[in-house]
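Structures are listed in the sections that come next.
Next come two complexes built around chain A: one with chain B, the other with chain C.
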Partner chain A sequence: MISKFKDGEITSFQSYIMIISIMVGTGVLGLARSVAEIAKQDAWISVLVNGIGISIIIAFTIFVISKFPQLTFIQYMSLLLTKPLAYLVVFAYGIYAIFTTSLIIRFLCEMVGTWFLPRTPLTVISFIIVATLVYITKDGLTFVGRFNEIIVLAIIPFIFLIFPSLSEASLINLKPIGDSGIHSIIKGIPPSFYAFGGYEVILIIYPFISNKNKMNIRYSMLAILFVTVLYTSIVASQIALFGYQEITEILYSFINYLDVIDFPIIERIEIFFTFFWTFAVIGTLSIQFIAGCIAFQSVFKTKKTNTFVYLFTPIIYILSLLPENSVKVAEYSEIVGKANVCFGIFLPIILFIMYLIWGRKKAYDKTI
Partner chain B sequence: MGFLDGIRASKSQSNNKSKPPNNHFVAKDIVFNVDYLEKRFSDCSDIVFRKIKSNHKTNKDTIVLVFTDGLVEGMSINDGIIKQINLYSQIYNSKKINIDLLQNLLLVNEINRSNNFDEIIENILSGNTALFLEGSDEALILNTRGWESRAVEESSVESVIRGSKDAFVENIRTNTALIRRKLKDPNLKVKDLKVGSRSNTSIAVVYIGDITNQQLLNYVVNKLEEIEIDGIFDSGYIEQLLEENTYSLFPQMQVTERPDKVCANLLEGRMAILVDGSPDALILPIGFIQLFQSPGDYYERLVFANFVRLIRFFGFIIATTFPAIYVAITTFHQEILPTDFVLDIAKSRVEVPFPPIIEVLLMEGTIELLREASDRLPIKIGQTIGIVGAIVIGDAAVRANIVSPTMVVVIAITVIGSYIFPHFSTSYTMRFIRIPMILMAATFGAFGIIITWTWLIYHLCSLNSFGFAYLSPFAPSNLVDMKDAAIRAPLFGLKTRPIPTPKGKKSRK
Partner chain C sequence: MIKPFKLIAIAVIVMLLTSCWDAKQLDDLYLVYGIGIDTSQEKQQHFLVTIVAPTIDPEAPEPKVEIHSEGESLRNAQDNIQNKAARRITFANTKVLFIGEDVANKGIGIHIDSMLRDPEGRGTIKLLVVEGRAVNLMNVEPQTTALVSLYIFDLLKQSQETSTVPRVTLRSFNNDLKTDGIEPVIPFIKYGNKPSEFQINSVGLFNKDKMVGIVEGIDSMLLTLLRSEVQDGFITLPYPLGEVEESSILTLRVMRGKSKIETSLINNELTIIQEVRLNAHISEYTSSAPVFDDKTIKSMEQAANSQIKIICEELLKKLRNEFGVDSIGYGKYVKVNHPVFFDAEEWNEQFSRANIIIKPNVKIQMVGSRQ
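Then we have the complex of A and B:
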């Protein structure tokens, strides 16, 4: 067969890329501020601890799912959680994914409105983003996977843009290390969680991997650790530059961080950054949206994913326009952040416990 | 995509339509045969019936040669056929000639027999000579092909600095010979097909038997056989009839004039389609990355070859996006540039009455007009047009305050950028993408460019060339094949074939 991957299948490599791509997105902009408010100069430790914790969670998640390699999302959930509960959880995940998608669209609209098109109405920007999103997701997961393999390259400028401003930073702002205390470091974890959100998509996409192997766990952990290192260095460099008192006054610290140094030719580097950041967010959106559609598809057992892609198009468009202002957007994203904790932390833990209780026997039965 | 479905569909179709049996066969009576052919070839002044009396006693025409004037080599008919028959009949006057004897007698390199008139007519029209003999119900088909054709010349649209200079010509046999000259391997297969109900054009599918994906080969051959059209005059017909995504901007087959390029691709496990009468061969399946590769990349030394390749990628970005960036910056994001620079641009635009988008579209329109005009005109006048265009665009337009000097620079760089591709056809794609990109940039600024690029990238991701992912080896990514993509590894490192091959043939030995 010359075309190896079709009918919604993805490769292992694409799954790692999708984990990175869905995580790096909207959260990166205000990450340093939200964590530094609580963990002060040790915010970067919170981020690091959080990332390591998440990579352990994803290891457990994949460990559980990999025991049911032939089953889809809803099937292994039904085995582990009983059928009604599984349908409820998957349905809830679908709704969560749709809400998250609309929220990210709204967030992206606001950023585009701020940096690129101050006079264009949000309805127009949102319409274009939704249209693009439908175009990307209409052909299913395979092509979303391929698309993200390319679009993830937009993260590379993030890495390079950390360095120039370092010349102005001083390590004194990070000292004394650990002085804010273990208590506040741990309290700093929940605010940073929003930036890490999205990796729970592995629950949905893992069954679609066509070449599952033992390395899945290791490389998925590496993908998360990559994001962790990226985030940690972003947070550490920003605190080193601004100091934690100052950073709490800045809404999107990453953007101001870039503005410190004058670049040749490109005067406003943050526009340059937003250019690539938008690509990264479109990548996030495409995965989040298709994951929601796949969740609904498995609940309602339709033949094609794109039925739901088209069905939800007007819904996400309207939802993205509902919040009246940026404050409301922030409020909603807190709610989404909490839902994210449910799906990202509690669900994997519950699945793992259920697997320990009765899943092993069922997995054994299934393999026979 | 839809790869197997296509094969299944084609099989069921070919079962339904089988050719009606033809009842016209060669008779023993030579008068009947000649009458029949004269009727079929009525008013065809270029068909020649040469009658020969092999037996002087009976004074009856016993042998008739039928051929097409202009498609045959006169010498071989005179010396190899007529002279031999006359000599024979003079020496053995009374001896009766039969067809087996003739076959041994004639000095022709390729002789076949046939009793089917349709087959005979097809052969006559493709330059062979048919020989009818009184008393025989079979005709001899003698290879006397020979017609005027262009000599093998240097490629004009795909020239390389280093490397062989020969290019394909219109004659399919010359072309297959050019390939065979470079690949002396019995596994190099040349499968002949006839397409076009009236033009009866010869098409050759060239591949290397043991490394080509058989499924793909069957699919392509089936699809070629399915083609229903009356005439094929260029490989462009085949390209358009074969491709799966007609409305895509990107070519799904590669067009080349160069035998060395075809051979290199054959060794990678791809196949080539040659069409009689067309100097362009088609290579399939291909990936996006191949549009950026030239045979010269492999002939030049590693570092410079890779440098040139990267320049081409740069050219791609420039050709598609540079005017759009100019429009976006001057319309929406003036603050992104240093103040002095912005002031300079603004100063140069003070006298220009149009917004940047009109400026760009005016210039683009003029450039496209010039290009089209210089294609149509004879070379000598074409140069004049070029000079007039250069003056009009470069100087007069600026002085008349229709466009700003900065704009001229932008467009000039863009135009140069769109012509650095190894094959000219690719530049159409680059030129075309530019226009929606400019329009989106004029409407939504940098955001418009982002969205257009997103569409473009997704389109490339979803595109397939005969089931082969277009953006491979980037998406789906494949580290092994990455070594001959954006840049290439040293030649000793290129040990695997980039496309799916039969088992055990992945490595190149």
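Then we have the complex of A and C:
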């Protein structure tokens, strides 16, 4: 049971911010490339379809868990899926969150190592990121919520930086619209799972919202749609600039997108962008990590979340250093994308079905 | 006791944040503004790379330092250059890549990849093919500045601003190289009458990454026009149309240009129609006849349309018959509109056989300060 102002509550507004913040991170850099490899010039349609689908899924998710407003993740899972299965799923989610956190740290290390500090060892870069992460998360979800309320502003430059390079873009690169075929457009959706991943954190954080209300579904959907519009614009503008043939060769297409025209005053605009992007990724990391720690806390029933924050610190540090090279990092991100399907799509659907089968009565019992 | 400790800790942290501990002073670096690349004259398959950097130190006997080195690739030669330099060389400020004619003929794809792969290089680096060898150009000492790279960069900028040559950067070249239906181009620099005089009013035409020919003078500007990159520039024509000796000269300043490309495929016969819309001002008219009436303006517009159509068709004839490359990018439109007909591998051949119609549409908006 969640009691107000004790277990690290957040506000509804913070939950919307956290949905946006966890989604916009490392995935955006290579999103256009990974989707355009399959959906070609229609990659933006795949991204749009995926975003709309996810916004519907989040609506179902919140609809179900809002029926158990007094219960935590593991408690309502136990009601809907039986206790042993609930423990298994929550434990698996915890592992997924920790693994994803390590991968995002490694992504950040790769970027910092490539663009800023090429001669600094990855061990040092990763250590600094992990130390920052521990500092942000050690005091629980409330502090992570507040941190993200501020850090989400780092996403604003993403929006404005789309426009300058459009002067070099050509609409012909987006044509013929739909010509890659419905099959390719649908096949182009899975590569964007990694970029959209993270919204499933609502399963964990929803019980901690202190002012739950009927608008939670609507605004959470709007948060997802905001990210969808942002991602669709980013992908469409990058394909309009590079064309789908060139973009498939560019590893971090968002950064190269900025390296097209000379900006006045700011000579290296891509480095200027990376500065904001780093903060956006720290926001993603903080939510993903605390969600994993909360999952483990609920499984092992410890008093404090920070027990797991400290416990997992060396683990995420070591895991972040394990991939041998950038190719391995990309391979692991595909695995995370697939795991995201389990927790972000299948789990909410199963929960919804279980709720329809026998959850309604249990929800009613719990509310009286 | 805790408070002083906190204050000391904060002071130490603040001191750490004040500057970069490994900052490098400008006079510890060679800032490279231009890189030249030629084929090696001694070893086949090797390249000669040249850099010129300012010495910065006011006490240095020379304002610039020029270093050459050979290597198996651009990056390898750059590394060898570092071995000859007393300071750390940084390529982050590179503005122009000078490509020797030999290298351009041989193919520049590997060098473009090398430059784009390294994040230190920028996508906005301008490309320039040099008549002869790049190393000779980089030896020249212009009268106005110590660094030939910066001088040429400004010269290139002027030529691009007057639409004499297309704007080509590392990124835009790579885009044309990787995209089906268009072949890349790079501005070409020639020597003038004096050794320190240069002229950029030519364009090197590429088939994939190899240079196959050059178009010069008005053709260079027309190529820019047909690639829809015209922003400013001048078009001179005889008016009324006829022999230049008999007619007066009319010069139009193009203020803005747009073009629209349409394609049709009837009985497997491809027709490409390009409408070129230009807004222009009268910049010069050598006749004493007044121009300030609608009839004359319309007549001038028609004359300009006819003249542009003729010279554009001559350029297209060269591109199709002489060089066999679609440097304009019609193929991108054909690929979109007729994907079954379009053959990426054979496009230049299809381009040569296509029926291309140019429809200029010049609008004279202003006549200048005289009637």
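What we mean here is this: the second predicted complex is superposed on the first by the 361 of 368 C-alpha atoms of A that agree within 3 Å, B and C clash if a C-alpha of one lies under 4 Å from a C-alpha of the other, contacts with A are read in each partner's own complex, and residues count from 1 in each chain.
Simple rule for what comes next: contacts are C-beta pairs under 8 Å (C-beta built on N, C-alpha and C of every residue); 3 or more make two chains touch, one makes a residue touch a chain.
Small disclaimer: the values here were computed from a predicted structure and weren't measured.
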Check your understanding: chain A superposed: clash or fit between chain B and chain C?
Key -> clash
Exercise for review: Mind working out whether A:Ser233 is in touch with chain B, chain C, both or neither, as first, second, both or neither?
Suggested key: neither
Check your understanding: In the superposed arrangement, does A:Val260 touch chain B (first), chain C (second), both or neither?
Key -> second
Check your understanding: For A:Tyr135, is the partner it touches chain B (first), chain C (second), both, or none of the two (neither)?
Key -> first
Practice item. For A:Ser333, decide between first (touching chain B), second (touching chain C), both and neither. Key: neither
Check your understanding: Touch check for A:Gln245: first (chain B), second (chain C), both, or neither?
Key -> second
Review point. Is A:Gly145 in contact with chain B, with chain C, with both, or with neither (first, second, both, neither)?
Key: first
Check your understanding: When the two structures are laid over each other on chain A, which of chain B and chain C touches more residues of chain A?
Key -> B
Practice item. Check chain A for residues that touch chain B in one structure and chain C in the other, and list them. Key: 268
Revision key, fill the gap. Note: in the complex, chain B contacts chain A through residues 1, 3, 213, 215-216, 285, 332-333, 335-339, 341, 444-447, 449-451, 453-455, 457-458, 460-462, 464, 466-469, 471, 474-477, 499-500
Practice item. Quick one: which bits of chain C touch chain A in the complex? Just the residue numbers, please. Key: 92, 119, 122-124, 169, 171-172, 174-175, 178-180, 332-333, 336-337, 339
Check your understanding: chain C touches which residues of chain A in the complex?
Key -> 114-115, 168, 172-173, 175-176, 179, 242-243, 245-246, 249, 256, 259-262, 268
**Study point:** chain B partner contacts - residues on chain A that touch it in the complex
**Key:** 1-6, 11, 13-14, 112, 116-117, 120, 125, 128-129, 132, 135-136, 139, 143, 145-147, 149-151, 264-268, 271-272, 274-275, 278-279, 282
